[in-house]
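Below you'll find the structures, each written out as structure tokens.
Below, subunit A partners subunit B and then partners subunit C, in two separate complexes.
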Partner chain A sequence: MGGRRVRPPFLYMLTSATAAQASPSESSGVGLSTAARGLVLVGATVIVVVVLIATKGYQPAAQATANGLVSGTYFALGAVGLALVFGVLRLVNFAHGDFLTFGAYSALLANAFFNLPIIVATAIAVAATAVLAAVLELAVWRPMRARRAGGLQLLLIAIGLAFVIRNGIQIAAGTEPRTLHVDITSAVSFLGGIRLGTTELAVVVIGLVALVLVAILLSISRLGKEMRALADNVSLAEVAGIDTGRVIIATWLVAGALAGLAGVLVAAAVGVLTPQFGFQLLLSLFAATILGGIGNAYGALAGGLLLGLAQEWSTLFIDPRWKLAVGFAILILTLLIRPNGLLGRPALK
Partner chain B sequence: MIPHLISIAPFGHLDFWLGVGIVAGIYAIFTLGLQLNVGFTGIVNLGQAGFMAIGAYAMAILIVNYGWSPWLALPVATLVAMLAGVIVGMPAVRLRGDYLAIATIAAAEIVQSTAQNAINLTGGNNGLLGFDAAWQTIQIWALGLLATIGLGQMDQIPLFALTWITFGALLVILFTLQHTPWGRVLRAIRENEDAAEALGKNAYAYKIQSLALAAAIGAIAGYLLALNITLIYPGTYSADFTFIGFAILVLGGLGSYSGVALGSILLWFVLEGARFIDLPLSADKVAALRLLIVGLVLIFIMALRPQGILGKREEMVLRG
Partner chain C sequence: MLGSKLSGFRALAAALLPAAMIVAACGGTTNSSGSSLNFTMTIGDVEPFTGDLGALGAPSDKAVKLAVDQLNKASKDAGLSVTFKLVSADTQTDPQAALSAARKVVDEGATCLTGPATTPESLAILNGLTKARKITMLPSATSAKLRKTDDGGTIFRTAPPDNLQALALIDAVTKQLGSASGKTVSIGYQNSPYGEGLANTFKDAWEKAGGKIQGPVGYDPNLSNYNAEAGKIVANNPDAYVFADFPDTFGKVAAALLRTGKFDANKLFVSDALAVSPIPSSIPAAALNGAHATNAGSPIGTAVAADFDKLYTGAPGPGRYALDDNMFDAGILCGLAAIAAGSNDPAAINGQMRKISGPNGKEFTFTKLADAVKALRAGTQIHYMGVSGAINFDASGDTSTGTFDISTWKNGQLVLDRKVDTKP
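Moving on to the complex of A and B:
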């Protein structure tokens, strides 16, 4: 564990090589064929939009696409953290949805109670949720790993933490719906009849910027490479000199920060929040993660956006109240047809 | 265990604790299905509340919307729930442990969403009423009988008895099954699926059978729950029900059917006993406090004594 100065390119070769060895026909998830699959995905999305415009008319199809981008943005932000944690720790974090709730209520406390501007409140929410995630790592997950806890133990502890966070918030804040001090009435029209609330537009812009930053962090920063290396193969990453404890904490900080941001964006875009909303979103986040290939952060980005789009597109054909069920059906169909997801690697053992 | 529960009179009225006993019994039945799946087959079924909902809704829809006799509706509804178990199981049991957990909870959420939105069939959020006429008749007859021995005002006794007799019957059935070749194959699959396959056992089929049987048990819990609250509506069958079931499961111990009864009675004694602590909290906050306790039970049992009170450590497996 001495050589902590190992250069990332070497590490990258190492991890790619192992993945290629495991399954010669598939790449390691960051190679060319994933990029190619990403392009196919973008192409397919464009074709769907064109077909929808041709069959359902420009305005409804474009409006549904815009709405889908709004929810897709916060699905993606939430799903990336879930995927990173799964990738690095093999942990299905059932408490992740409640991280979003925690972030939103932290912002609410700062914004509606202490009257801080929404930007400051968002920053506080991001920091608070990151700290929560890191504290749980130190207090719960690290000790449990040290005891070599089994998968069922970890799953049920995560469910228990979800209950504690959600109901702790409910005891502190009550069940009544709350609102952030954001502008939820004014709206803008653009591109010939697409209408979005100003706040929704801000949510998309902030969310997409954050997603691009995450993608950059993962692809070029040393930390991002270390995270992906760890997700690929923990023992090899350790042999290569990566300080796994540090990377794991960093993973939780990133996942928590993104969840906090996603929580605030959901609360701002939807307009109201209750202590249940994060948990209700959790399955959509799972759906996004699995759609993109569980454990694959880029996949989660794509999966989140696609899920948001698919749910909104479905409203062009069926009653919007089935939107959630559409998301869960996509989850199950993905598991049935392509369990490794759209950008996924071969089955992780 | 039953006399022990109802003798805790200092806390309040017998009738109140009978009510708690009914809830504990319904949860215990529900969790027997989880024990079969998680404890004895090694499949993490997070969708048990969905199977319970399918059974209860099928029963009520057949009786209320189609005028069926309950004696026909109950077995048919149980078959419907088992069929749902097979349909969910066919794709799901092929998946790794954590994927299976997510797939089953997603299936349960689809059931929940259908219950809320297919208003013509399910009554939406208003739910379904009026499926329990036959039970009301039986209850009045039973209360008349109880009146002759001076217990006529204890109107919770009939359902309490029905619940725990049902639990006892299921316990005997499951205990017997566990010691048949079928039950031994399930445990073999839990321990080492490849080895079971090598011995010519079709693990896939056995797992689906396990899920279907658990679904039937969930449906039975659903009937009793419906009788207890005389109304079927979507909120009753949320994922929280399954998670509370898991808390009961791990409290009593994995791989122990009788531990399920102990776990359920303990948990509900704590959750309902919390009412007697004078807390300056509103009703919704007390509800939250109870679920918070459920979360703490899950965390602390899994961290400190993962085998539960009556379970054995070697019975803890999550197929990876």
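Moving on to the complex of A and C:
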């Protein structure tokens, strides 16, 4: 009974989907390059906004777009980390939502208990979550990979870690809702009637800046190129002389840092923290990652922003209770049309 | 060979089973016609200590604990050897966890359950455990949905159902606006049986009184962004807002409401789950100061409300919260039903519930609990007059008393304005 192990169908789908993708900057004969597709997406978004303004009026449409950017920003930040880890390690990190929670509670500790200003607290949160991710890599993932643990086992470990982190936070901080020392009630009006909370505005600005920096890191820096090379083909990357161990640690650091930042931004935008919030967001983060193209960090960025926008735009037409369902309906629709996601390569026939 | 081994085992089990059942049935009861009762009764309190309604768990549990203390004192004073015990478990405001919590307390011997606090949890426990085993459950869940559920007569509620609370809200809003006709009320609710039930009942009654409704706008408790919902609720400057929600979720929604810049807390009316005093740090105080809340209240002008308040505030633990008096009454009723039945058998306890709740029988409040116990042992029918009202369970197992407190938040504290009696 030797020979091939049959891979579980879900993992098979994931890995074959990413195998079909090439590195983002390569352009081959099949379809547009990622950059071009990204531009198409931006163009399509602008057209949608214009149509909404025309049909629903400027204020409602613009307000919905602004609301969508708020949630889209932290969806995107969370999803990019998820995609990086999956791209480089082929690991579906079920604990990623709880990284966000960890980041938020680290900021809470610094801000509410040690009374540090929120900027310092955010920096602490980002660093702490990055360290957590790196520690887990050294303590859990690396030894498991050395023992040739299969994809399913790693998945289960990730789920277990999610529970450990979440319950650890619950034991340490209690279950009652907490608030950061940020102003969640004052708001500003701008651009002719759009109204956002001052903290929400800060969240959008900081989030978008972070996303741009990450995108630049991935495309220009040497580390980014090494990450993308590893995401393509681990053996080839090693042959090319890339120190895979170092790149993997760096990937976890970046993913952890992004998750920590995302967690603080969610806590600031929403106002109220409970130990469950990261896990509750995880499904949306997966949806964003899949929407953009699994394992593709740029795709996750786009997917997150689009998911947030689509959810808020939908409230212009249907009852807000259906917000979550709309997000996932769009995900399913996109996958039916483009099985590899928005920025993934078109499916090879 | 294997087959014969199995059949031998089966025969043994078949012989032992009736014997075991007889032993188990005997275990909880002793002579009920004798002058002195001797058994231990365990009351199971399943409350949300964590989760969306986490604020409710500790105060409700404290109330049931006080009831158990009163029962033990009364039993001793009346010369009985009946001991009352309390076991509590956390439902996490989640139906699955509630069922596990109920199983845990029943495994530890509970024969009467107080709580849980929401309708989905109550249904989970009913269908998974208490209906089949005829265990009485006294939830503080107030949605009207539980009235129509086929519970086999096992659910009794000391808290008035929400169809009555909607009437109290109508009364409060009408009093502030002067009249209902032509006035617009914007409704926001949490997407749960509690929220939806209250929202729809209020809507129907308000429209019947000639008013207009904006919405109702429902929202999921697990979202991270409520800006769109808040925008819809405050749009067009309605005359009043009515909210049916739980504290954790409302914290997020309230921040969004304040950010719209169009929200006036003086026009806000909330239902009992939000009647928290003082305002918790998770809800921006600016959203509640000046707002009004309805809350099941003690009957007007009775001494028993003041007695209970003294008892509750004098005991260590959390302060008063919505429905604590109803949970106290639930605990007392469990104990009195056991004494009336003379046994710890769940079905017997269930059979006595309606009889001790009135309207017939000699009236006793909790301050005269020892006398009530003595009357029961003498064979007299009693009517337990609860802190929350005269009880008088109707055909659906709901209390017939619909007294509600209408209060206003001033400087973070909830202050009572007046009481209103509602009739279905």
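Everything that follows uses one rule, which is that the second predicted complex is superposed on the first by the 310 of 349 C-alpha atoms of A that agree within 3 Å, B and C clash if a C-alpha of one lies under 4 Å from a C-alpha of the other, contacts with A are read in each partner's own complex, and residues count from 1 in each chain.
One rule holds for everything that comes next: a contact is a pair of C-beta atoms (placed from the backbone, for glycine too) under 8 Å apart; a residue touches a chain by one contact, two chains touch by 3 or more.
Predicted model, so just to flag it, every value in this text is computed and none were measured.
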Quiz item: With subunit A superposed, do subunit B and subunit C clash or fit?
Solution: clash
Exercise. For A:R321, select first, second, both or neither according to whether it touches subunit B, subunit C, the two together, or no partner.
Key: both
Quiz prompt | subunit B versus subunit C as contact partner of A:I157, first or second or both or neither | solution = first
Quiz item: Looking at the overlay, does A:S189 come into contact with subunit B only (first), subunit C only (second), both, or neither?
Solution: second
Quiz item: Looking at the overlay, what does A:T175 touch: subunit B (first), subunit C (second), both, or neither?
Solution: both
Quiz item: In the superposed arrangement, does A:F277 touch subunit B (first), subunit C (second), both or neither?
Solution: second
Quiz item: Is A:P339 touching the first partner subunit B, the second partner subunit C, both, or neither of them?
Solution: first
Quiz item: For subunit A, what residues appear in both contact lists, the one with subunit B and the one with subunit C?
Solution: 175, 319, 321, 324
Exercise. In the complex, go through subunit C and note every residue touching subunit A.
Key: 50-51, 54-55, 191, 217-220, 222-225, 227-229, 231-232, 248, 251-252, 255, 258-261, 280-282, 284, 286
Quiz prompt | subunit B partner contacts - residues on subunit A that touch it in the complex | solution = 92, 140, 143-144, 149-153, 155-157, 159-164, 166-168, 170-171, 174-175, 275, 283, 286-287, 290, 294, 319, 321-322, 324-325, 328-329, 331-332, 335-336, 339, 347, 349
Exercise. Provide the residue numbers of subunit A that touch subunit C in the complex, in ascending order.
Key: 63-64, 67, 70-71, 74, 175-179, 184-187, 189, 195-197, 200, 266, 269-272, 274, 277, 280-281, 308, 311-312, 315, 319-321, 323-324
Quiz prompt | For the subunit B and subunit A complex, residues of the former touching the latter | solution = 38, 44, 91-92, 95-99, 101-103, 105-107, 109-110, 113-114, 116-117, 243, 246-247, 250, 281-282, 284-285, 288-289, 291-292, 294-299, 302-303, 306, 316-318, 320
